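Just dropping this structure here.
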Amino acid sequence: MTMLNPDFAEELKQFSEDSALACFNCGTCAAICPLIDSHFPRSMIRYVQIGAKERILEAATELWKCLHCGLCTQTCPREANPGEIILGLKRLVLDHWRKS
Amino acid sequence: MTQAKEKEKQHATKVGVYICHCGGNISDHVDVEAVRRRLEKVPGVAVARTNMFMCSDPGQELIAEDLKNGVVDRVVVASCAPSLHETTFRNAIRRAGANPYIYEHANIREQVSWVHHGAAATEKAATLVEAAAAKAGLLRPLTPIRVTAARHATVIGGGVAGLSAARDLADRGIPVTLVEKSPCLGGQLARLDRIAPTGERAPELVRALADAVLNHPHITVFTDAQVIATDGYIGNFKLTVRQEVASEAFTGTEACYIPFSGMRPAGPSPSEPREFNLETGAIVVATGFRSYEPRQGEYGFGDFASVITLPTLIRKMAEQDTEGSFLEIDGRRIRSVAMIHCVGSRQIPGIHPEDASGRLNEYCSRTCCTATLNAACRIRETHPGTRVYELYRDIRTYGRGQEELYEQAARDGVVFLRFEPDQAPEVVRADPTDGYPLKIRVTDTLTFSENLEVPADLVVLSTGMEPNDVSDLVEMMKLPVGVDRFLLEVHPKLRPVEMPVGGIFVAGTCQAPFDVGETCNAAGAAAVKAASLLAEGHVELDPFVAEVDAERCKGSGACVEACLNPGALALVEMQIGGQTVRRAQVTPALCLGCGACVAVCPENAIDVCGMTLSQYEAMVDAIVADQVAADALR
Amino acid sequence: MTVPSQAKGNKILVLATESCAYPGADSVGQAHSTYPTNVYILRVKAPVLFPERFYLDCFRKGIAGIIVMSCGEECPYDGAYHALARRLDRVYQAMKAQGMDIRRLRLTAICTVCNRAFLNEVNQMNELVQKPAAGEPGQENG
Amino acid sequence: MDNSRNVDFDAVVIGGGIAGLQSALDLADQGYTVAVVEKDASVGGKMIRLSKVFPTLDCASCITTPKMAAAAHHDRITLFTYCDLQSLRRTGGMVRAEVQQKPRYVDAHKCIGCRQCEYNCPVMVSDREQGGFSPTKAIAIPFSNAIPQIAVLNPQHCMLCGRCEKVCPTQAIDYFQEPRSFTLTAKVALITTGFEMTTLGDKPQYGRGRIPNLIDALQMERLLAPHGPYNRVLRPSDGKVPDRIAYIQCAGSRDKSMGVSYCSRVCCMYAIKQAMLLSGALPLADITIYYMDIRAFGKGYEQFFQNAQAMGINFVKAKVAAVEPGPDGAVRLHYEAQDGDGVSTAEHDMAVLSLGLIPAWNPEGICPLATGPDHFLESPRPKLSPVATVMEGVFTAGAAVGPKDIVDTITEAGNAAMAAGKYLAALRASSARKHLVA
């Protein structure tokens, strides 16, 4: 059982634009992503929404598979800017690694 | 009329038979040409024609031309169910200058081509059309019954729909009486605060509408009042209204708005219950809805004080109307609110339990998604410290400005979780270490069906709509009720605000869940039908009523005894051949046309116009004709 | 030659009320369900119109079965249903007196969405009229 | 239909779809005279082009044609078809509508709708009324149940061979017909201009309309219609009976990458309706609806959705991200299966884009009506008077004022007729008062 942690979104604000909450989980970004055949990047965005920071850290290496081609951001129906969120998460993870 | 004479008459008429392909709906299964060829040979049938769409303009024109040219004087159209197009063709005949009651309809789509296939379908279609032609041969021109209509309408229910319909009718110059059960006007709208998505204040909307109604010279309002008896018919209803003594004494000389109750008209109310009669031409039923009451234990309702319904939340928030980092409810600081959608709506047999009377609300209540999002946005705006979670099945923000509200809620930080109906969230007491009194366990499909826990100080149930219990009106006025228990219109597209009893209309949430704007549309649509009805001062009714053959009637009185509508039939003294005799007489506007009298007359002296016993006998003869022919060959 | 599905002499007459059973039959059509072709539906305002002799005449003319599909207790004409039920009792007595199988006349209530009930009724009656049995019209004395 | 001179009415209705027809009928039944201005050659709007309608599955033609005929035959209603509205102004308490009738190249008074011109015309033209799947002629009656039944010549394709002129029994062909302008005056106006669909080309990821067997929902309406192009459902590229059919929801709604952020309100229900009709027409076919939220909000709609699930129609919660052509005419979809294995592809024999609704008319330059951010007409009082506009004496109903299904449109049209009727009654009363004073 994962307990939701809504404060994580706040924490992320210092690293990224605050658009993860705009995502309505349609999956376009995951399906359009040419590199990663999983739920990525929606999985990361969803973890931000529910505040599952440890999940993001566990799967951190996935973030670096993203080459920022911009397709997800271009096609996002809610303009949630998935590319920017992934970039922010990279910063967050780096910061976490630096601190630990 | 003797049988021989009737036969003679049947053959003296020229029946036109018009068979519809229905663009393949019929002709894919019924050989329409074969039917036409067979009908052409039937004695009494002058012409038989076919058309791709008989209901289309060229189709109707075929009939009109034949009538105008004197080729036919009786008409049979074989097409879809009569409920769809009987009126269409009667009107076409009327436009061609003929009497619309020389028409008979044969249903060869719903009752043939859609249920039978192959040669047997064609055979049956032909037989049904032959039967219709046999009846048509015996039809007589009839004159509609003209009834004067009281230029007055009664609206039952003083919520948005009732107020709006009353004002509409009164603005058209029609005097209106509005009867409201409770002491106040405004209905369920008075129990709301800000209305999504425009943010308008419900009390202001109620006040505006109620003021217009209370100050209207053509509207009389009775609160604490109910219709307890109805009588009469379209244009001439007689209602008995009972007004109770107001539960709380109110003697104000001006109407006043009571928050969460509505607009209280100026007093004083009667000191004793009173009953009075109303004569009215049309009735608008606008009896509204009530909010679903969750069952004991449903998502913890009743088990935990901090599980409340959305209407309760709206009221508590409005009454406090505070700003501040955290929402406070009953003095408790709310850090986290979880809102659960579809409570008492979209219930599924086998998953959701039925209530004591076996009912299940399988319908969507239409308004709750937006109302919930609206409340969530409001909380996030005025109490940014309070977290909001929404647990939903589908977000149904279908209306204008509603999808935007959904996005705004998301951007304001509302977290959405989606559950499948067979994996409903569970509201449980949290562990002391969780720091919250309650938590909700949910299998969230947005998070790859992981099991998540939502911490909650407050759980809000988005309860759906149920129609108000109007079984007394349903009984009295013979109103049809759908499987969803809302009042059932005649047809959602052809006659969306009409009840089958002429002159009775339906408006608003007693018919289906609607939001405020949709309710006003429904009220306007009902009002426009009532206005059209009452505009002329008289109403024309179908002439399908009993008729006495005074020559045959011996005055036995059997019909009067059998008659189901007191007053429709009576024995009266009249002069026949210089003698005073007692004979049966019909009051057409009161006759229901049921035919109870027909069956009991020992002299066959009474019949229902347009559906006489001999017409039915002719149809049966046509149906068995092939057997008779086969027997003859044997 | 295949036997036509609509063998002679097995026609079923349905008297269907215009406010309940007749739209009910239409609803069966809208669902594109199928039922035997020997079922002939006549639209009636209220079956209370028909005197006893109408039913007996129909059987005499060769109708094999009659189903009166009324609105039941929902009947829009107060009291008509009971008057109808009493009348049909008298028809049953007459049928018995003539040695007819009284199952060939059925009184039932069908609503506008009673698709399954409608199909049940017509299928049951069809089964009955397909078997030549004692009491078939015309064989009363056999 | 003599429109050579200016004519006075109580009300002018702009748009002869179901909303306009219903308002016109409800106004005329109250005793008012009504002019209906329709841009197409036939009234009936989008509804007459549909196969069947949800949730009753009545045939659309059976509900629309009686209303079309009733309006056409009503003593107090005059139809002006094939007419564009040039301007609509209020002056001196009156509404003046400048209207231009497009040339049919056929004399409307002489044409008897016999179709001899159509039968004899040698030029085949793709029939837009049949989704472009079957041909019509360069001169033709617009469609079988059109009202009025008057032929229209398509000048873009006509070769001026003269055959139609030769065979016309009433000498109705007029190759030199010019547009005709006239003015209608009325006391109130109703704007019921309806909607158009977004286009297949809106999203590059959906192939911009160039993927074979990826069609739009209105085209599927024609394939399903009893009087459709093939009289059965076949896929357009090769005439094969499709076994696997997909519906792509929100393919023109709720998607800012396509410029439409709102919900088009009807697509869930029309997709479910078409899926049910398809499973009736092709009982063995696999039908899948890819959706984000099923919005079955109206009376009887949820039950309709449940019935579709019970019939075996598959519902997959996913927004299709991209579509591309597959082998043998198949259509390949890419999506993220939320409950399954993440990113998935699926091949279907054909796929239908559930396109969204956009307004069919823009008041800019024609009349001073305001539009909202979604470009539909603005309704300043959407709660208590959804049919009011910012112009006095001008009312609106139906999809002109936001996407709407037929049931809601018909009810709203009734309310618009009520509002217009009230306005007319008030005018009548005040002019009577003036008379008394004078």
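Chains: A, B, C and D, in written order; residue numbering restarts at 1 for each.
Rule of thumb we're sticking to: a contact is a pair of C-beta atoms (placed from the backbone, for glycine too) under 8 Å apart; a residue touches a chain by one contact, two chains touch by 3 or more.
Predicted model, so just to flag it, every value in this text is computed and none were measured.
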Co-neighbours of chain C and chain D resolve to B
More contacting C-beta pairs: B-C or A-D? The answer is B-C
If you average the CA atoms of chain B and of chain D, how far apart do the two points sit, in angstrom?
-> 27
Distance-wise, how many Å sit between the C-alpha centres of chain A and chain D, to the nearest whole number?
-> 42
Rounded to the nearest whole Å, what is the centre-to-centre distance of chain A and chain B, using the mean of the C-alpha atoms as each centre?
-> 50
Touching two or more other chains - residues of chain B | 407, 446, 448
Would you pick out the residues of chain C that each touch at least 2 other chains?
-> 30, 32
Of all the residues in chain A, which ones touch at least 2 other chains?
-> 24-25, 39, 78
Given the complex with chain B, which residues does chain C contribute to the contact?
-> 4-6, 8-9, 11, 13, 19, 23, 25-26, 28-30, 32-35, 37, 40-46, 48-52, 54, 57-58, 61-63, 76-80, 83, 87, 113
Across the complex, what residues on chain A touch chain B?
-> 1-4, 6, 9, 21-25, 39, 43, 46-47, 49-50, 52, 78
Which positions of chain D touch chain B when the two form their complex?
-> 26, 29-31, 53, 55-56, 58-59, 61-63, 65-66, 68-70, 72-73, 113, 144-145, 147-149, 225-227, 231, 254, 261-263, 265, 293-303, 306, 317, 338-339, 372, 374, 376, 379, 382-387, 401-403, 406-408, 410-419, 421-422, 425-426, 429
Please name which positions on chain B make contact with chain A in the complex.
-> 336, 387, 389, 406-407, 410-418, 434, 439, 441, 444, 446-448, 450-455
As the complex stands, chain A meets chain D at residues 24-33, 37-39, 42, 74-79
